[in-house]
Structure formats: structure tokens, C-alpha cells
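Quick notes on the structure that follows.
To keep things simple, chains are lettered A, B, C and D as they appear, and every chain counts its residues starting from 1.
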Amino acid sequence: MVDISTTIGSLRIKNPTMLASGIMDEDAGSMHRMIRSGAGAIVTKSIGLHAREGYPNPTVLELEYGLLNAMGLPNPGIDAYEDELQLLKKSRVPIIGSIYGATPDEFARLADTMQHCGAAAVELNVSCPHAKHYGMEVGCDTQLLYKIVTAVTEQVTIPVFVKISPNVTNIVEIASAAEQGNADAIVAINTVKAMKIDLETRQPILANKTGGYSGRAIKPIGVRCIYDLAQHIKLPLIGVGGITTGQDAVEYFMAGASAVQLGSAVYYRGPDVFRAVCTELKDWMSAHGYTNVSQLVGAALP
Amino acid sequence: MNIPIITPIQSTTLETKDVKTITFAHPAPVIPGQFYMIWIPGVDEIPMSVSRITLKTKAITFRDVGDATHQLFQLNAGSHIGIRGPYGNGFTIAGKHLLFVGGGTGIAMLAPAIEHARKQKVKTTVIIGVKTHQELFFEQHMKRTGATVYVTTDDGSYGEKGFASDLAATVLKKEHIDAVYTCGPELMMKTLHKLCKHIRFQASLERYMKCAMGLCGQCCVGDGLRVCVDGPIFDGTTLQKITDFGKYHRDAAGRKIMYK
Amino acid sequence: MVDISTTIGSLRIKNPTMLASGIMDEDAGSMHRMIRSGAGAIVTKSIGLHAREGYPNPTVLELEYGLLNAMGLPNPGIDAYEDELQLLKKSRVPIIGSIYGATPDEFARLADTMQHCGAAAVELNVSCPHAKHYGMEVGCDTQLLYKIVTAVTEQVTIPVFVKISPNVTNIVEIASAAEQGNADAIVAINTVKAMKIDLETRQPILANKTGGYSGRAIKPIGVRCIYDLAQHIKLPLIGVGGITTGQDAVEYFMAGASAVQLGSAVYYRGPDVFRAVCTELKDWMSAHGYTNVSQLVGAALP
Amino acid sequence: MNIPIITPIQSTTLETKDVKTITFAHPAPVIPGQFYMIWIPGVDEIPMSVSRITLKTKAITFRDVGDATHQLFQLNAGSHIGIRGPYGNGFTIAGKHLLFVGGGTGIAMLAPAIEHARKQKVKTTVIIGVKTHQELFFEQHMKRTGATVYVTTDDGSYGEKGFASDLAATVLKKEHIDAVYTCGPELMMKTLHKLCKHIRFQASLERYMKCAMGLCGQCCVGDGLRVCVDGPIFDGTTLQKITDFGKYHRDAAGRKIMYK
């Protein structure tokens, strides 16, 4: 029998496919649908202290081999979002609260509220590539990152995940700062900085001009990040970036991930992608004589 | 690829002082009830239902209500807009006598469905509800399809005085209607929905949209139904389960805005 | 009439499609074929002081949406390569000598020889993502980079191009260091760090394990880099990364590039790709009423 | 995608003490003369011509000459190798009487071409040149195709004493040969090429390969001809223009290595 449950530190999930932040997770109903679609855990939209409308449209495009987005961190603010989370309190699938802020204090306050709302963990978004003062701008400064992670881990008792960006010279250095701040897991990767220009109007199509590249095209980039991290970081890793099939998940596991997150795949294969990926994963594992996800984790490491 | 394709406007028609129809070339098949994302470069990209379908061209009809629609309103034949779509599910048109109820600009997106029904020689009754006579459009156009067309105005300046839903109730009592199709203010649609417990019912919902590809979750109603992909047309049974129907929608930040 | 000639500083080329470094450029015969195929300029393989065999195979793979390579800078060394360059001395198409080294002195010596061999310019490869002590390792250290560029610009009179990596936190900072060192143009981008794991054998397929991602999948990343550079760097820019059609070239021009380089496209469309891209470019330009490439350069900038 | 696909070895045959044939499942069509890139995981990936073609299986036959071939030599049925390809152009087999000249392991890659010619009932003469009797393989296999088979050994330990090219010269004088096909040491092929000024000639070249996809330029000869894509089979006219033919090849670093 194949068992696809997995653990990320102290967090045990029934299957290793988590919903990535920013996809179908702005309200309780959407998240509930993703739970019904078989996601092993839900990461919420990245939530800040105050409501943000995000950028004007166009905010999302499908390019040839991946998606491009610049949402601009739209969210109703943590107070309004509490109501959504209350509705999910009875869910048996862990809800992981993604938060963004500019300072250690902001992160700590947000994490605290997430914990009060029943979040099973928090995920610090320090990697959004296109929001002024937030995301990557915070996550590329190792000292600030260390302070943020420390502030959060001192504030809450639930596990703290740190989601990092591939748009850096040395991803291991960033993850180390999070590790030193006592993070419980590293999530990689957020989107890759990219853009698309419309030739007729001679202008970038996204209202924000540049955005983040996700989906199948970035899988080889994400796998490499996890593989590099796995060799230098002791924390559990969660792989994100282009995962669309069960075999994609296997590739991330072998690179060193203990679980995976799916974002763009919800577009490519619909919400049922979680169930499909789990089935493909089980089939692949049993065809190859594996009984447990842990047998795959890091299998390709030197 | 799912990106706006820059397309020249073929022609524009002023329907009322603040409602305009824009026609452009788009050879793809479109089901009545589907919508496009219309990019006004440098301004915004907004959802717009299709108001006219021919083999090679499509049209949208909209009211100047804000930034993007105002810019769009200024454009004339030869100007360029970006088109992606069509998106959404579209209406399921079936039955022997159909009732269409359009409130405000809602009649615009019902028009292709009405034309479709009439082409199938289905008996069709249309109610167009507007606040006042000056806001009325598409009346002649709908009459030419051979449908029975009623107009209601809130102020009685033309047609019957009152709400479209009131007249609909009267029609539903008098005639044997197989299905009701509606687009308009959500409270009006909610009222109609209550009238149609035992009649097939389809309503077109409007929610703030960003991706229109079923990904970002911005447009969700009920238990994760994406208006952009699973809708915009929902039937009576589904609407029964959508607790937010007629109660609230969400703004660009995802905050609830109550209907009143 | 459409004129597709372009200039990169003082270097004028008949058409804006250059052969990217590392593709069909290890010997005079190959480069001659690329010239016959219509390339507007040829960038040589990256050449070092001494011969290098590079990594064992597999060194190149075609993934779903791009290529992955880890050649390991194979080259016969500058002395042997001189013989190849001598054979091209009569070529009317500019030959741009790509060089790699670990120190300013190495770069200066290599550049000097390239100039003696008749190179129309040198391109400093400070961006190869998978060669220990070379490439990116050099190009991410802005101080060292500044010294290298200064050493070279002081040594030679031909234009000095600096080819930079997208695998950095701040690409503008890197390019600025090159600009301060008096570089004549910036070439962007080299390949994106990535990898592919074989699930059956549980190991990375490339002998070097990780490699560089090129081809169509990386075009949105390359366009973004050029767009960012164009807003902050005054030097002419040469765009590379996923360019496969004339329209791709237009997109790079609008982002701010004055010329483009084609690498992976030689695989996707064969050596004739240069002629094809030029034809597509001319057709697009005349359909849109442009007569000169310079009308396109930077057209999408704010 | 163009990546090695892990495939189990179906069977192996020892041809001589250091030549082995490995058969594996590969249902794709292959033209005689084409080659695969064979990945020995953890070791290297090397080019290997196809030595046997059936609908569902293919084989390679190789000599243990170095690192990768030595590892490959140790593998038996059930072991896994990675396969990508087939690559290259393959032979053009046409004429009424064909001469095949294989030097060393060269006969291995000629075998499918010879079988193909014989299936078309074409008169076929085969010369297998080896240094000494112990190195001979595929003689019976070639005889069974119905070809006329000659063997030459440098030391006279079997067949005719002398070089394959000497015997070829004799055959070319005696018989009317329409085309000559060869694979073997490049100097032997160069000699044959000179003999075939007025006869259709095709030779299979070996060059150090990396990508095998026509991209890296590692395998180029002459004026940018890629042995992996434009070859490995080149005809007499083309070889005439390849000035490096019979003179030098290049090592992994691209340095010239002279033939001697």
C-alpha cells in the first residue's frame, strides 16, 4: 500500500499537495472548494494589516509556457480576513496563513492573528517580486529577514514557514537567514521576475509592467532551487513552481522537498488537479515500488 | 496563450446618452452569455458580455460608469482595444416559451440569447426594465426578433410604470413559461429567483474580475464557484446554494460590499 | 524601404541578429556557416587561457519548453583558437571574441589576443552559471567585475561588451559596475540556473547536475532584464534569451535592446534561423510602418 | 523533449573478447546509419550507431575502448541505460551492386544497411577488415543475408592478408559497383574515397559529440557541417570539400588531433 501522507516538521498532512498562496484563497468558499478538490493543505492568500486593492488589470496572462501575474497583493486586510478563517475553523485540512508586511512587528502581529484564527502554520511571503516595500524587497535583505523570522517565531507557537524568491544571487544565504531565525520550513519558489510586451501598442501588457512568471516553464528553476537548498539547509523544504503532474511532484521530492504546492496548475488542469496529482503520484510510486513519500525525499541528492 | 489581442474597433453606436455599442472583428464562436476581457491599454481591463454575435464580428454594449468604461466610451471606429476570451459558460436555451428579464444594461447581454431563441422559432417574451425612458435601448432591436417586448420604467415615463420583476410576476401568472433568463441588478434577480422556484431559471452574475481564467479567486461566490469560469450564468438550483447571491459582492481587495 | 542594420556604440552591423556565444562557434568552419546563414555578427565560444574539456556528457538536453546545458566552458585555449580566428580575418561580418577568466589580468590578456586576431569587439563572459571560479562567480562580485572591465577597457581599443547573468538579486547593480568600468555595451541574459532529474535513476541528468536554462521558456525573463537595464543603464544593450522569431526580436528591441543574439533557436529552427528572423523582422516592420530598427529600440519604456 | 529515456537492456551478446552487442526495446523507426546517444548514468553519454534494427528493438555493438564503453561492457540483461535519438541522417541505399567496406567495429553500423540492401534483393559485396582473426565478428551474420563476404586481416591470420581498402580496390576493378558504403578508421575511408572518384560513395564519420542536436558545434567538420545532424553519413562530393576529412578530428576541448 502506498502512503502519500507527509510531514513538514511537526505538521502532518494527509497528502503532499498544498494549495499555493494567491490562488483561489481570498474567501472561505474558495478555500473550501480547494479542500473538497483534495488539497492536503491550504495556504491562504498573502494577507497584510490593511486592505489592498492590488494593481489594475491586466493582472494575469497566460504566456506560451507559463503564467505571468502582477496582482499587487490584493487582500481585504487581516481583520476582514478573520471572518473568512472563522468559517474554516472546523476544517480538518490544515490552513496555513500567508502574511506579508514591511517590518518585523507587522509580521509578528499578522502571525499572531493567524494563530488566533486557527491557522496550523504561517507562511511569510518575503518573495513577491512585484510589490513595492514588501515581498522580495524584504526577503533579499538577510538581516531584515532574520529579524522578521525571529520576531514571528518568538510571537507564535505554530510552525513558521518562510517562502523565498528565486530572483536572488544566492538562495541558500537567504534560507540560512530564515533558518537562523528559527523558521520551521522553507517554501521555494515564488514567481520569477518576467514580463510581456504587446507589440501593437508598444507597451507592457501587465498594468504593473513587470510581473512574476509561474507554471510549467519555471519547473526546472524551482527544482534547482530545492536541490541547492537541500544540500545546505537542514529545515524541511516545500517545493513550488510548475508542478502540474504527479511526476513533477516526484521530481521535487527527489530534489529534497517534503511537500509541494500547486498554483498555476489550478488553471492548467482545473481545481481537480489536487486529486489528479495525488492519483498520479500513487500510481507512480506503486509502479516503482515505493510505499512512502519519505523514501523519495532527497533521493537525487549527491 | 491567453493574452489580449489588439483589435481595431469596426464601428460604434450610441444607444443612449451613456450607453454605447462597440463592434469589432472576432471570428471565434461565442455562446450567448459569454464575455470578453476588454483591455483599454494604459487604463484597465474589464469584463464585458457579448451583446451581438455574427460569424465574424462581435459587439459589446456598456454604460459609462467609471474610469475604464469612460475611456472606452470615447473610442471610435479605428481605435484599438485588446480582446481576450470569450470566457464563461453561457446560457442554456431550451423550452417552448421563454421569458427574458433585463434590468438596466442587462438587456445588452440577453440580446444574443433572445436572438438565438427567436432563430429557433421559440416563443419569447422580453421585459426591459429601466429607470426612465431616456435609458431605454434595444427595444426596437428586440421587437424585430419577433419577441413580445414589454418595457417598464421606474418613473412611468414610458411603457408600464414599475419594476421589471413586478411585470415578470404578472407574466408568470398569466402565461405558461418554461424558463426565465435574467441579467440586471442583483436584487432584481434575487426577487425573480424567488418567483421561479418551480421554473427553470438562469441569471448572469457580475463580480469583480481579475484573471478571468479561474485562477485568482477574485470572482468567487458561494462555495468557491468562479463567476468567470463556472459562471457567469448560474441556474436556480445553484443560486439556491450561493448564500451571497443578492446579499453581497466583493471589491478589488476582496472586501464584502452589501447590496442595498 | 526597411533598414534592419543597427549599431551597438561604434559597432555597426548589417542586421541585428548575432550568433550567441557557445553555439556553433568552436571552429572557423562552423562560424563561417553561421555567417553564410545570415548572422549579422558572430560571438565566439567563450575562450580561456588554457584548453578545457568541459564536463562529461550529458551536457545538453531539450526540456519541454527550453534547453538545459552544462557544457563547462569547453574550449581549446586562446592559443589554439587564434588559428581559427585567422581563418576568419577576411570575413566582413564582425567577430566578437567571448572570453572568460578568473582575474582582471587573465581577462586583459585574452582580450588583447582577441584584438590581435581581428576581433571587432570582445564579450566578457561573467555569467556562465555552472563553471567553478569563472562566469557568474566572477560576475556577481561587483568590485571584481569593475576591476575586470577596467583592466580590459584599458588594455584594448575595440569595444568591450559585458555579458551578465539573470541569476542575481539586482541586475542593474551588476551592469552599473560594468558601466563604471567603461564597458561599451551590456549583453543580457546568459542562461538561468535550472536542472532536470531523471526519476528512474533518481539522479540529475546533466553530468554537472545543474545547468543553464535557455530557449523559449526564458524569453519573458530576458525581456524583463533588458527592460530593467534600459531604465537605469545608458549603455547600448544586446538582448539574448529565447529569441526564436522576428517578433521575439521586436519585443527585445521595444524593451530597450539595440541588437539581439540567438542561441537555442539554432536548435529549434536550424542554422537558417538568422535569415528567417531577419525576414520576419522586415515583414513585421514594413507591415507596421517602421523603416529603421532604432525606431523600435526602447519603444515600450515608460 | 530530447532527454535520455531509461530503458532496460533486453539481451547482450559477446561478439569478440572486447566487442559486445546490447539489444533494447525501442519502437521508433531508425534508418541504417543513424545513431543513439547512450547514457550510462553516473559515467558518460556517448554516441553509438545502430547495429540491428527490428520493429520493436534496436541494438548497438561496440568495442571496450575507454571509460564509458568499459562500463557499458559490464552491463547485462536487466541493467538500465538511457537512450536518446535516433540522430543523424543515415545511408541512402541505391544501386544494383553495392560494396560495403567495414574496418574494425565499422562493420557493426554497416550491418543494418547490408540487411536492408539484401532485403531489396540488391547484389551486395561486403569486405570486413580487421587486424587479426580474434577481432572478427558479424561474418556469419553478414553471410546469412546472402551477401558475398570477404574478410581481410592485417596479419593474415584469417581470410586475405592485407588492408580492407586493398581488397576493395581489387573488387572495384573486377566488378561493376554502383556505390560504396564505408565505416572504419578515417584513413582507410580516405583511401577508399580516392578510389571512388567516379562511384557513388558514402562514409560514416566519427567525431566527438556533446549535444548531438546540432547546437554546440563540437562535432563540426569542414565548413560547419555537423556530424550529428548533417551526418554522420557524408557522400563523396561533400567529403571532397571537407578539408579535415582524413586529416584531423577534435578532442573534447576542440583541439585538433591529427590522424596518423
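Structural remarks
We adopt the following convention: a contact is a pair of C-beta atoms (placed from the backbone, for glycine too) under 8 Å apart; a residue touches a chain by one contact, two chains touch by 3 or more.
The structure displayed is predicted, hence computed values, not measured ones.
Removal of chain A in thought splits the touching network of the remaining chains into B | C, D.
The minimum number of touch steps linking chain B to chain D comes to 3. Centre-to-centre separation of chain C and chain D, using mean CA positions: 36 Å.
Mean C-alpha positions place chain B and chain C at a centre distance of 52 Å.
Among the residues of chain A, those touching two or more other chains are numbered 63-64, 196, 200, 203. Shared interface positions of chain D, defined as residues touching 2 or more other chains, are absent. Viewed as a network of touching protein chains, the structure reduces to a simple linear path.
Every pair of chains that touch is listed here: A-B, A-C, C-D.
Only residues 63-66, 68, 140, 167-169, 192-197, 199-200, 202-204, 209-210, 213, 216-218, 220-221, 223-224, 227-228, 247, 250-251, 254-255, 284, 288, 299-300, 302 of chain C touch chain A when the two sit together in their complex. The part of chain C that touches chain D in the complex is made up of residues 22-27, 29-34, 36, 45, 51-54, 56-64, 67, 69, 71, 74-77, 80, 196, 198, 200-201, 203, 205, 207, 263-264, 266-267, 270-271. On the chain D side of its complex with chain C, the touching residues are 1-4, 6, 37, 39, 41-46, 80, 82, 209-211, 213-218, 220-226, 244, 250-256.
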